[in-house]
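Heads up, the thing below is written out as structure tokens.
Going by the order they are written in, the chains are A, B and C; count residues from 1 in each one.
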Amino acid sequence: MEVPKDLLYTTEHEWIRVEGEQVYLGITDYAQDQLGDIVFVELPELETEVITGDAIAVVESVKAVSSVYSPVSGTVVESNIELEDLPELLNEEPYSNHIAVINISDPDELEDLMSPADYEAFCAEQE
Amino acid sequence: MSKLIFEKNLKGSNSFTLPPADIPEVDITSSIPASFLRETAPALPDISEVEAVRHFVDLSHRAYGVDNGFYPLGSCTMKYSPKINEWAARLPGFTSIHPYQSVETVQGAMELLYNMQNMLAEITGMDAVTLQPAAGAHGEMTGVMIIKAYHQGRNDQGRTKMMVPDSAHGTNPATANVVGYDVVEVKSNRRGLVDLEDLKSKMSPEIAGLMLTNPNTLGLFEEEIQDIAAVVHDGGGLLYYDGANLNAVMGISRPGDMGFDVVHLNLHKTFSTPHGGGGPGSGPVGVKSYLADYLPVPMVDKKDDKYIFVYDRPLSIGKVKNFYGNFGVIVKAYAYILALGAEGIKDAAQQAVLNANYLRQHLKKDYHIPFDRLCKHEFVATAKRQVDENGVITLDIAKRLTDYGFHPPTVYFPLIVKEALMIEPTETETRERLDDFLQAMASIAEEARNHPEIVTNAPHNAVITRVDEVTAARKPVVKWEDDS
Amino acid sequence: MKYTPNSPAIVEDMLRSAGFNSLDELFSDVPEAIRLDRKLKLGPGRSEIELTRELKGLAAKNLNTEDYPCFLGAGAYDHYIPAAIDQLLLRSEFYTAYTPYQAEINQGILQSIFEYQSMICMLTGMDVANASMYDGGSALAEACVLACANSKGKKVLLPDTVHPEYQQILQTYAISGKMEIVIVPSTAGVCDLEKMISLIDEDTACVVIQQPNFFGHLEEVEKLADAVHRNKGFLVMAVDPISLAILKPPADVGADIVVGEGQALGNSLSFGGPYLGFFAATKKFLRRLPGRIVGQTTDTEGRRAFVLTLQAREQHIRREKANSNICSNQALNALAATMYLTLIGSTGLQAIAVRCHQLAVYAARELEKAGLKLKYKAPFFREFAVLLDDPARANRRLLENGIIGGYELEDAMLLAFTEKRTGAEIDQLVAVLGGEA
């Protein structure tokens, strides 16, 4: 299972890439593997104001469904509409395909996210 | 490949006709303004009666019902549906009565409903029963609405949550949500039963009740049911009985005596009415006396030898369905209960439990059984050994079983057991059938060991091989499109 | 009768081979205190001969529409059912099957559902349909739940020309706190458009309209559709499937969700059930519909195949996040509807719809000639209300004359006409009701 070193992670098996004021958000390799073939991604609407822990997207596979929770507070500034037609991108390259981009309102919240090492340990515990 | 009905169109071959009209055949445009009228007719099939009949007969050849063979679909109680019940429900005195006929003209139907309410109350140990809900999930919704109305009626407004075990059927948490409750999941303990400590820790003034099935979805009797009831009741909650599994204990132990306040039944499981390829069912709801006022309208009552509908019930939750329920289904279940009588009902439960334990004992040679002890009408086996040793999963075993002529068990449910195969033989199976099934399961275990590809590529004898469910869900095609 | 096939000797053998000494031992996990220490009070089991006697006896106490011409409608209709349907429904591969979870051995049932979904789309003009709901009323409630779940508001507006039982069912479902039902008084038997439009606001999740409405009249829908769409709400329609042979498909008047009672399509009256609710919608709702949906796909050899699809919407996967809890539906009734539409065909369905309408028009004229007045003047399809001082008394008189009369309103009787009725029967009806003028 792949856990890139340049990203941050959550206990909900999401990855976060910080670029200035913005965070890119996606699901991890572990998450896509657990879900199986992803068939649909319900994307957040642009301009949605979110607070940490809000469910902002839904990822569906044939036999499972999983919410994507915002790891930060802020405003949704982009949804990856490519996923509308190609949800399988999340299976194929989970770390190259984000779900949404959020403009963060409180950078301190990033402190609560997991490092790659912590996340790997967390996944190991799940087994 | 079989053609769709639309692909069998032969323009002009439908010859349905009406009798000649004995009234003036006025042009509809003279009485309905054109703005309401459609311009082109719907493109329904144009096909002769003989070809239509052949089409559906052909479809039936590619379907599998209880009459085709063993159907150990756990949680679904696929027992034999007696033919006399089909006959009864087709009597013109039952099929050809309008729900709004005056009650004087339908006293036979009313009597049947009234008797049925009483018989189901007796079987469940409840005080009052409605026959209105259309299926199990609909009964759950009705029952949970009654719980909500009860708390509201007592001005107990803080109860916003419903407890549901982690082993519960999906309809339980979904029902709680649909009625507007947040769901609190109660853990199962190592014995596969409700974890009493977890339950106690989660009981609070915010809890409206607990939804439970007994025996539970693992086929295990909740031995501590009285303690569970005490915890819920002492905390001010109510106890809901999902009656999907009543077949195991009818005539032996009644939900009402176990401490349940509300129950629903699945007449299409326990009481033998056929499942129709997905429905119709019927999901009567029984309640204790203190909840009777909340039952839907109308109730059927008897007054001076006359059966009547009672609508004047101010506390009632209202209506959950048009009219009075799935009457045609109720007729079949009524015939079934009459046929069996008190002793037959108990006998059915005993034999159902015997058949399940017989399978469990003999299946464990080849399959892992996570809770291997006395079960009720069903039990859960798994493909753990086959997964670990041969890379053969539950789904493969299910598909391979169809090659042997059996309907597969319920798979991947309950969710708390990995690779679950939930097996419910029901009481209507002979030992010979059960032995045939055991033989097939043993052969599959053997194949998994020596030729796993036979199992992983199954089915081999079906009209199609495995289907591409992923594409079906990614690029849904849910209706026929005319490409011509 | 018993349907348990193992003889006592075999039962003994099985008990022993499973490691038990007695049947009682199989229940040793049931605490003594909650065991039933008596027989159920159900009486003895019956033989098949007794059973037939008893059930025939009950059935014989009901006046039925085979023997009495019936003018009742109000949501359930006495249409002719082609003989082939029941013969086919009795094929037990269909009726004793469970929901087709295992696609490979149930292609026949899956295909029939796919055909059903296609036909519902043809009738309504909508993009997608599910495999059926319990009935018209509960389908309407689920349609409103769906509208609310997909909109910011939670107000459900409907005129009181919607079937009173549908109104009640909606009110009941609203105990969830997720919907707020607002019933708007009608004028002259149809929705008060001006009033309704004035009530539509940002908090409106949907407007519900029944077509034809409970009183049989045709509602003007387009303006409502525009108004509710402007406020980002949805138009929900409850329609009569027979009427769709001649009336504009709901899709053409702006409906977003379309439901209806499907009983009229080949299902017997059966004292109110089992019937089926059909449920169709625009594409936008495809992944949010309640209930089962069958999709077309291929097998590993590339052959066309059918399978239950988009299951991530449903209770067994979404659990406490599911917006509907429906599991079993009315599959066999939907199959009957599919057979009906196949056997009747487009021209047949049109002929039936036209005949129903013509009979209603004829009856209205004859009643007026006999000195009676219709309650409302709006155009109707196959049902209308005729004013009477004492509808209950009129119904008693009709019954004395061998006729099952109409649905009793306070000051009127709602009469329905199907293709089974004849001019001669209507003349009789008018003769009796004329005496009430």
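Methods note: a contact is a pair of C-beta atoms (placed from the backbone, for glycine too) under 8 Å apart; a residue touches a chain by one contact, two chains touch by 3 or more.
A quick note: this is a predicted structure, and the numbers were derived from the prediction, not measured.
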Taking each chain's centre as the mean of its C-alpha atoms, which one ends up farthest from the centre of chain A? C
Per CA centroids, the chain at the heart of the structure shown is B
Using the touch rule from the top, point out the two chains with the most contacting C-beta pairs. B-C
In whole angstrom, the CA-centroid distance of chain A from chain C equals 43
Distance from the CA centroid of chain B to that of chain C, rounded to the nearest Å? 19
How many angstrom lie between the centres of chain A and chain B, each centre taken as the mean Cα position? 38
Of all residues in chain B, the ones touching two or more other chains: 469, 473
In chain C, what residues contact two or more other chains? 311-312, 317-318, 321
In chain A, which residues are in touch with two or more of the other chains? 39-40, 60, 62-63
Taking the touch rule as given, give the residues of chain C at its contact with chain A in the complex, in rising order. 287, 311-312, 317-318, 321
Any idea which chain B residues touch chain A in the complex? 412, 469-470, 473-474
Spell out the part of chain A that touches chain C in their complex, as residue ranges. 39-40, 42, 60-65, 67
Which stretch or stretches of chain A touch chain B in the complex? 37, 39-40, 60, 62-63, 87-88
